[in-house]
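You will see two complexes here that share chain A, one where it goes with chain B and one where it goes with chain C.
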Partner chain A sequence: MFRSLASLFIASCFLPVCAQETGTLRMLIDPGHDFSFIVDHKHRMQQREVKLSEGLHHFSIWAPERVIVDTTVFVIADRTTDLLLRLPFSADHLEYRKQLANYQTKKRWVRTVPIVAMAGGLVWSGISIGQYGKAKKALDKDRADYEINVDPGTLSTLKGSTIPAHNADLKKARTSLIGGLAFTAIGAGATYYLFRLTSKWDRPLFDDREKVRFDGMAWIPGAQGGILMAGLTIDLSRP
Partner chain B sequence: MKHAHLLLILAVLCTTACKKDEIDLSSLTSNPFDAEYNGDPIFAMVDQETVEQTISGVVQQRLNVTVSVRSDLFPIATSYQVRAVRGSTTQVFFLNAQDHDRFVVSVAGVSPGDVECWSLQLGNAGEFGGGNDVCGTAE
Partner chain C sequence: MKSNVLFLLACAAILGCRKHDVDIASLNTSRFDPDWVGPSFMRIDSIRTVPYASGALHRQQIHLHLDEELRNVQDYVIRVIEYTVPDTTIYPAVDPAQPTVVILNYLVQLGEEYCYDIDLRIGSGILLNHRLSPCAVAEL
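What follows is the complex of A and B.
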């Protein structure tokens, strides 16, 4: 009995020394998804909570489009610690966003201007058609007036000023209509050409150098010395 | 490209179609009340007679020419005037349906064989339009 109690006492004295106590680290990272981290320059992980032995741990945290942030966290045994961190956008990504915005703005303008010109041409043509119809109607009325009028004075005015004025209106409307149709045709041609041209423009691509750096950071130790992990990125997105 | 062709065709069609709509003023000559009337004669001589008349004891010959008006050429039925000019003499006749579209122009002091002509014009509301000359021969 005595021997058993002595054995239990000895065992209880050694337990805290031998057992490695762990704590939980909860990752509250912005962005809230799709981030990865490497613990202690070795273990690549992609999870929101990680159990670690008590002590100071090094973290390299990265997310697409963000910079790698290196930090150290002290994990306390049997406790959950929150790591609250915002990963800033990388300079490359900011430059890419700027280039993309410029590209999109330029493309939008180059495509919008001829469409607006074509729409303007159509409106112009529409107004001209209206004016043409009005002038033609006035001339038809003049012709009917001439056919039935029995007042030489009125007929003289009709032929001397009214009909020439309406003829001039018709001519002006026709010229305007031809101009409007020509403008519309040019606008349509320009729209077609510029849509084709801009569709061949190269869209800026984002080269995430931070990812390359991050992918090359993992060292997996092994019996023969370990493995340095390197990543190869192939962009399969369509421009 | 298809749309551009369509617009081009539309422009050509419109250009050719629109060109015919203006009124050619030189073709407007069918109304007898128009000063530039260029149709069938409006006035025609239907009768002429030479009569003797005594004025202040002097006997002279007077030529009377009866003229008819082609009111069927009028665009609508209307009352009208006729101005007759012979040399510096101007006569104006006001006619309506009751006159059966006829009136008489005359000249005194003619001799047998004299040909007298009047320039006749159709009018309305104090203005005159188309017309033609009518002549008579004294007997």
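What follows is the complex of A and C.
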């Protein structure tokens, strides 16, 4: 009695399987990786090939940053069918990309301008130091000439025009140097301040609402009516 | 703290730059400078009155000592102006090998005082501030 019951049970388990013939569906989806799909509103899968019973099947296909595409495919028994599909980017993702590009451009400019100003100040200071050194060297030569020269005319020219001109050059170079150093200091201060400021700016975050929608689409039927699969996403990444 | 130190160093560097200027007012250490204020290249050794032309006339002899620093310069002129007879200018012969120049005034009267302006010109006739103004009574 027991043996006959067991045989009946085993036969009942294999009966539906043997009755339905299956076909293979090959998923050729853009993006080529990291996509998921739900077959017939029930089974969530993440693979490139799936064996299904012959007949019409509904697919909801989704990938991160893309929209959910719903389609139906007829699977033919004992044959491999290709499903070729490109998932378009979601409007939220396009908007996020735009906001991110704006954020990065703005941040780059705000950080680059004071750095360029500081670099300009450094170049300005460098040129001024060169000019200052040249004027100082000329004055040192004038001083040496004054000590060794015995021609009063030359000495008068030195004191009357040459040295005042070189003094003026030195003063001009010094003023320029002070300007260059001040500009560099302001540039450095602005760089420090703006780096700190921009580091506190909030980076745009991508809220993938398509994912939320997709996560809530799986329905697992059960004896008491089934289970609706819902997903909760917590973004733990630091901006 | 570090930024304060850098700021102070920058200030010190900028202030230090001021020392490189040449102060023209204090530039007067060359004795060939027309603005020279100090000891002259020339020094009166002696002023004597001596007879000549068998004692009928007298002349005054000023012995002028020249510093070696001046004698190393080739191109200089000593000019002597005597004021008793207007516009009497004497250009004494200068031998660079000799440290002394003798200035001769042939027209002196015994008992009279004679004053001289002795100045020094170098190069293109630029007057140096090395003037001497001696006075002496012609007496034997």
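The definition used in the following text is that the second predicted complex is superposed on the first by the 221 of 239 C-alpha atoms of A that agree within 3 Å, B and C clash if a C-alpha of one lies under 4 Å from a C-alpha of the other, contacts with A are read in each partner's own complex, and residues count from 1 in each chain.
Here, contacts are C-beta pairs under 8 Å (C-beta built on N, C-alpha and C of every residue); 3 or more make two chains touch, one makes a residue touch a chain.
A quick note: this is a predicted structure, and the numbers were derived from the prediction, not measured.
Enquirer: Looking at the overlay on chain A, is there a clash between chain B and chain C, or do the two fit?
Expert: clash
Enquirer: A:Leu56 in the overlay: touching chain B, chain C, both, or neither? Say first, second, both or neither.
Expert: A:Leu56: touches no partner chain.
Enquirer: If we overlay the two complexes on their shared chain A, which of chain B and chain C does A:Gly153 touch? Say first, second, both or neither.
Expert: Both partners, chain B and chain C.
Enquirer: Let me test your reading of the model: by the given contact rule, A:Leu84 touches which partner, first (chain B), second (chain C), both or neither?
Expert: A:Leu84 sits against neither chain B nor chain C.
Enquirer: Would you mind listing the overlap between the chain B footprint and the chain C footprint on chain A?
Expert: 132, 136, 139, 142-143, 146-147, 149-153, 155-156, 159, 163-164, 166-167, 170-171, 174, 177-178, 181, 185
Enquirer: Provide the residue numbers of chain B that touch chain A in the complex, in ascending order.
Expert: So the residues of chain B touching chain A come out as 1, 3-4, 7-8, 10-11, 14-15, 18-19, 21-23, 25, 28, 30-31, 33-36, 74-76, 78, 80, 122-129.
Enquirer: Along chain C, where are the residues that touch chain A in the complex?
Expert: It comes out as residues 10, 14, 17-18, 20-22, 24, 27, 29-30, 32-35, 72-73, 122-124, 126, 128.
Enquirer: Show me the residue ranges of chain A that touch chain B in the complex, using the header's touch definition.
Expert: 132, 136, 139, 142-143, 146-153, 155-156, 159, 163-164, 166-167, 170-171, 174, 177-178, 181-182, 184-185, 188-189, 192
Enquirer: Please output the residues of chain A touching chain C within their complex, sorted ascending.
Expert: My answer: residues 132, 136, 139, 142-143, 146-147, 149-153, 155-156, 159, 163-164, 166-167, 170-171, 174, 177-178, 181, 185.
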